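Following: one structure in structure tokens, then a few remarks.
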Amino acid sequence: MPEVRSITADHFDDLFLGSQLGVLSAASTYRGSLETWVHALLQERPVELVDPAEARERFGEEEMGLAVLMVGAMLSLLEYPFRGDEAVVAVRRLERTLGVRFAAMCPFNCSGPNALVAVGAASLLGLPLVDCDGQGRILPLIDQTTFALGGLRASPLAGVGPWGDVITVDSPGDRAEEIVRAAVSGAGGWMLCATYPAPVHRLVETGIQRSLSQRIASGALMQTARSDLGERLARHLGGRLVARARVVELSGHQHTGLRTRQPASPYSILLRGLSSTEPLIRLEVRNEIVVATVDGAVVGAVPDMICLIDPLRRRSVELSDLRVGQVMEVLVLPAAEAWRTPSGRAMAGPGAFGLSWPAQPA
Amino acid sequence: MSPDERTPTRASRPEGRPEAVTWGELLRSKPMEQVVVPVRVDLDRDVTKVRLISDLDDMQACRPGTVAVLQPPLASAAWAIEIAVRYAWERSARAVVAQVTGSAAEAVTRLAERLSVSVGFHDGDPTELALDLSALVARPGAVRSGLLARCAVLISEATSVEEVMTVLAQELPRTATSLRGPGDRLLAGCGDELPPDVLRVPLAPLDVEAGRSLTAALSHRSVAWNQTVTRVLQIARAQVVACEASGRVAASVQHEREGFALARVLAAPPDSGPATALGWPLQGPLTGAVVLPLEEAVRAQPAVGLSLRAAWAAEPVGAPPAPYLDGWALWAQLEEPGADPAEDHGRAERALAARAERLVRRAGLGVDLRIGVGLPGSLAATLEQAMIAARAATATGSVRGIERFSTLGSRELVTATDAPHLRRVARETLAALLGVDDRDDLVRTLLAYLDCAGSTSRAAERLAVHRNTVTGRLDRVRRLGVPVDDPDRSLELHLLCHVALSSGLTG
Amino acid sequence: MSATVCAPVLADTAPVAADGEVGPVVGVHLRRDRAVGVRAGDGSSRTAAAAGSPATSLAAVLAELAPERCSRVLLDLAPLVADVLEGGRLAAVTTVRIAPSDRAIGVLYGGWPPAVVEQVDAGRLHVSGGHDFHGRRVGDVDEEAIAAAGRLAVQRGADVMAVSAVGAMIDSSLELEVAARLSRATGRHVVMSHGAGGVRHLERETTTVLDGALRGEVGALLDELYDVVDHVAPGARPGFAAADGSWLGREQARAHALRLLGTREALLVQGAAATAGTPSAHVLLRDRRGLRATAVDDGCVRADPVRDLAPWLPGVHANQRHASVLPVGPGDASGLSPAALLGRPVVLVDLEPRADEGEVPQRLVAAGLEVRQVAAAPDVLLARGLCAAVPQCEVVTYAAVDGPAAWQRARDVARHQAQAQVLAADPRARLRTVADQVIPLSYLSTGVVQVRCYVVAEQELVRA
């Protein structure tokens, strides 16, 4: 896979496919306006992708960067589409608030809409995109990032909603998540936010490196791998294929964990393995899949990424597309190193989702 | 991991410690009544402890034999229950009790079945349940007296031996109970072969029959469990005897009543009141049969009648066998008449004969019962004929178990009458003839000669001997003073020859 | 082991009417210059073809296939609708977009062929407003803007007006109010986006505009063909195939003409499953483009909600329920994971004659799959798929509710809506609710839920 220096319209399909990996609720696997828009932007103005190793030399100690993301419900973005200038408004507002000009930006995460939002915003603003992100996967909270683990703060933050509402949040007590969450509901379902203003060097240090180029590479693999996609992806990303199984039940249930900050309606996906022992597989969903068990044994859990791959369509699926009877491949991909520390687990592990169990013997 | 490796064997239990309660016993306890237990395994294994689990961390600390009662929110989260079931399997915990319903419970049940781990679901207070179960586990005696009390109540409510055996099967987990007769013949309950160490509670001295016992084959043995099961069997013993006695009394009263009703019908046909009350078929031509024991000593014995009546209950067609003279009577109405009355009669006789034979076979008394079938007609007539046929069937020398009046020959007819008296006459009248060595040949030859109306050549043909042999033997008979050629005595002679042959006087 | 080869006469399935009568069904696939029909359901599986204009060829085909009573005649007009779209016979539409801003990432007519835009675009107007995800109307209706829209329609000679409001799937009252005013002011027919349905506003708007632009021409065609059926096969109920393999009544077809476009794959797939005699199957379509896969569940083709309208309008996306057919690689099936097809029969359809047709079945059979190969001319298969079409409706809407207690109400509303649509196609249908769920948008504290309800007409598949 040649190193990507510039994201062009030619990379769009790979990026789009790769960004859906490990995304279930926030997935958008059908190409619609958002995808067409970002594709058109890339045709107009490709985005320069800066490798983290280069960023140190390329940017001075004082040069500031930020992350952009869409906070809220993916479905609301479909009903209330972007005007197109939200990223510009939010970034400029944050620049005015801080009295700086940003030299670069990075994706908040490279999963689902946020990969496209970041690329689109970088194209619109003409800013280079640093190849790192704050989650390495999708997690629901703004402060559930390795940026935060590394001591960066989500605020000051500027957000723009579908009805043109603009907010700036400066929360000395690190309560940006709670405030933005309330603002998102008020604003109509989503807000495009410019957040984590910090020196580019600090974003690179604390972020998960080369995550965007990895998604593009995964997307390319998904386009070219003809069969055994699950196994090949697992190999490529250092994870494992834990099961090939048929969906037997999809069910929502009442909240049954400890009270958490997670905005999630608990959901379960039950599958029966196709291997000779026909194991029972349960995927527990809190927006995304947070735990996978095989016959009651935990085989994967956040912060590791649990993905469902449709071997027929050779791509990941969205929750609303999942049907009883479909065959799926269940992949567990390892979380970035930063999440594997005790503080990382505390922030993004099962406990953060109200679930916990003793560590499994290896 | 096999189940055997998971729990320390009972042999390793230190002496003197009270015996732990088993999971099967606990399942029968009062607090578990509110818990649905779709997967129940290892019923005969100990429960060492009951733990209230509020965190999956607690599951990890579970010792083998623990019953884990999950608390909310774990108790209602299918994913957490499944992880708990998995831990239970890995740690040999005895069971997991949770609080889900519907599809979540189904999923948990599927996993529990896969892993062979007991699971239960309830909607009560888990803390209370855990405390109640803990108390029972701490005092196993309480569980056992609870079981005894419960069995006593259920057994006392049973009204038949079968019901008693059902209670035993349901209440004694993993224990095969049965009622056995002499030689361990299975009378009721589980039919498995008895192991050498079977628990046995004899029905004597309460029992009217000898050699019967209640048995229990235990899948595991311990002093306490042996005692518990023995006590339950002792409670059951009295009820088994009582149920049987009441059954016998009822059947006996009914049998008497039927005998009385039949006697009334035969004595005064218009007065069939008691018979009508019994719903007996009395209209139209009837075909009767009589069952008569071969041995005179057991004729008219009520025990035989009761057995026949019990056997009849398995195929209750027509009236039950009713006491009639020294045998038992059966009868049936003619079916739809066909074109040929003779054929109808033949069919009716054959059908009743077959039914009577089935009845005798089913009764399986070990007593030789003979059957006679009469011609269709009035009840009194057909039963009389049937009795004659039955006597013919019982007559010495008869090899057939069943005789139809319609096919009785003169010999059978004759022997069916008062045989002892005729035998005496035959012995006296034919004394000279019966005194010689070849008496059998001579009597047979005389009988053939009389049967063939005095034709020596036909008699020779019948006996398959030369004609000269017949004339020679007849000369010897005449020489012995038998009035062969006296027309006035030929009928008497003919009859006495039949009697002599069939009564074995020539043997 | 080998694959079973099924020809259309081997198996015959047809819907059972609500009164239990097995009604023979005639399906006719219509093109500009010819018609191909199949009669199914009475064991005959006869086919017929005729040349001529749609009305003439339909009459000829029906005369051959429906001389005796048949319960319904289903028509596939997709090629004719495509002709209308491509042949410059579209109505001029003045559109009113009710949204927070006059800007959006999706520009109406962006990327459309200029010739089509020229016909259709009779002016566009933005009116500020809409419903938010709390179910609240944002801002007052701008009377002056509405009046201006009316004037614009008159001035530009619009045939039809289209109104699309954000949040119309939560609350359609705004669209209804605006449409009523526009209709009074201009006398023109007004199409509304909540009728078109779909959870993506921009795609919904495109669908609404196209429904409006197609309405006149397609409506005339529907009336003409309806009369032919009425005349040649009196007593038979006509129905019109939609892209998801279902069928619509005449008025539904008139209102949602875009749904009649692009039915080919859905009907092929249904025809293949019906020919193979299985109500549920994985269906593989093979031609020189490669292998494409889809599934049929209880006679209904698996559907996707958003469609790229290529080749008619390349790059234009509309909300149109249509057969979810996925390219799975080259024709040799090397890109196919057989495990993904386990558990159901696999029906393989070759749309073109091939030299190596044994190869794919052998690979799949070797993987333990039950393979049935369907051999039939595509047009016959299409018509066969028409006969197997099932009226169905999937409603996806939003509701702003106070909590789980109110979910049931939202669910009932969606279910009644879906049931009404199915009954509009076939009043005798026995209804079956396949899916009926309420999904809270857990990210938001506004109490908004997505309600999905999928209702189909119960079909008893009968093998003749």
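Letters A, B and C name the chains as they come in the text, with residue numbers starting at 1 for each one.
Just so it is clear, contacts are C-beta pairs under 8 Å (C-beta built on N, C-alpha and C of every residue); 3 or more make two chains touch, one makes a residue touch a chain.
Note that the coordinates shown come from a computational prediction; the quantities given were computed from them, not determined experimentally.
Chemist: Could you classify the connectivity of these chains, where an edge means two chains touch, as line, ring, star, complete or other?
Modeler: Topology of touching chains reads as a line.
Chemist: If you average all the Cα positions, which chain's own average lands nearest?
Modeler: It is chain C that sits nearest the middle.
Chemist: Which chain's C-alpha centroid is most distant from that of subunit C?
Modeler: Result for max centroid distance from subunit C is chain B.
Chemist: Given the contact rule stated at the top, which pair of chains has the most C-beta pairs in contact?
Modeler: Result of the pairwise contact count: A-C comes out on top.
Chemist: For subunit B versus subunit C, what separation do you get between their C-alpha means, in angstrom?
Modeler: 71
Chemist: Centre to centre, by mean C-alpha position, how many angstrom separate subunit A and subunit B?
Modeler: Computed value for the inter-centroid distance: 76 Å.
Chemist: Go ahead and note the Å separation of the Cα centroids belonging to subunit A and subunit C.
Modeler: 34
Chemist: Mind listing the subunit B positions that touch subunit A in their complex?
Modeler: The contact residues of subunit B facing subunit A are 55-57, 59-60, 72-74, 76-80, 82-87, 89, 103-104, 107, 110-111, 114-115.
Chemist: Which of the residues in subunit A end up touching subunit B in this complex?
Modeler: Contact set of subunit A toward subunit B: 249, 251, 253-258, 268, 270, 279-280, 282, 284, 291, 293, 295-298, 355-358.
Chemist: Which residues, counting only subunit C, touch subunit A once they are in their complex?
Modeler: 99-101, 103-106, 111, 130, 132-134, 138, 166-167, 169, 199-203, 293, 297, 302, 304-306, 308, 315, 317, 326, 328-329, 334-337, 339-344, 398, 437, 439-446, 448, 450, 452
Chemist: Going by the contact rule at the top, pick out the subunit A residues touching subunit C in the complex.
Modeler: 30-34, 36-37, 72-73, 75-76, 78-85, 140, 162-164, 181-182, 184-185, 188-189, 226-229, 244, 246, 252, 263-265, 274, 287, 310-314, 320, 323, 325, 327
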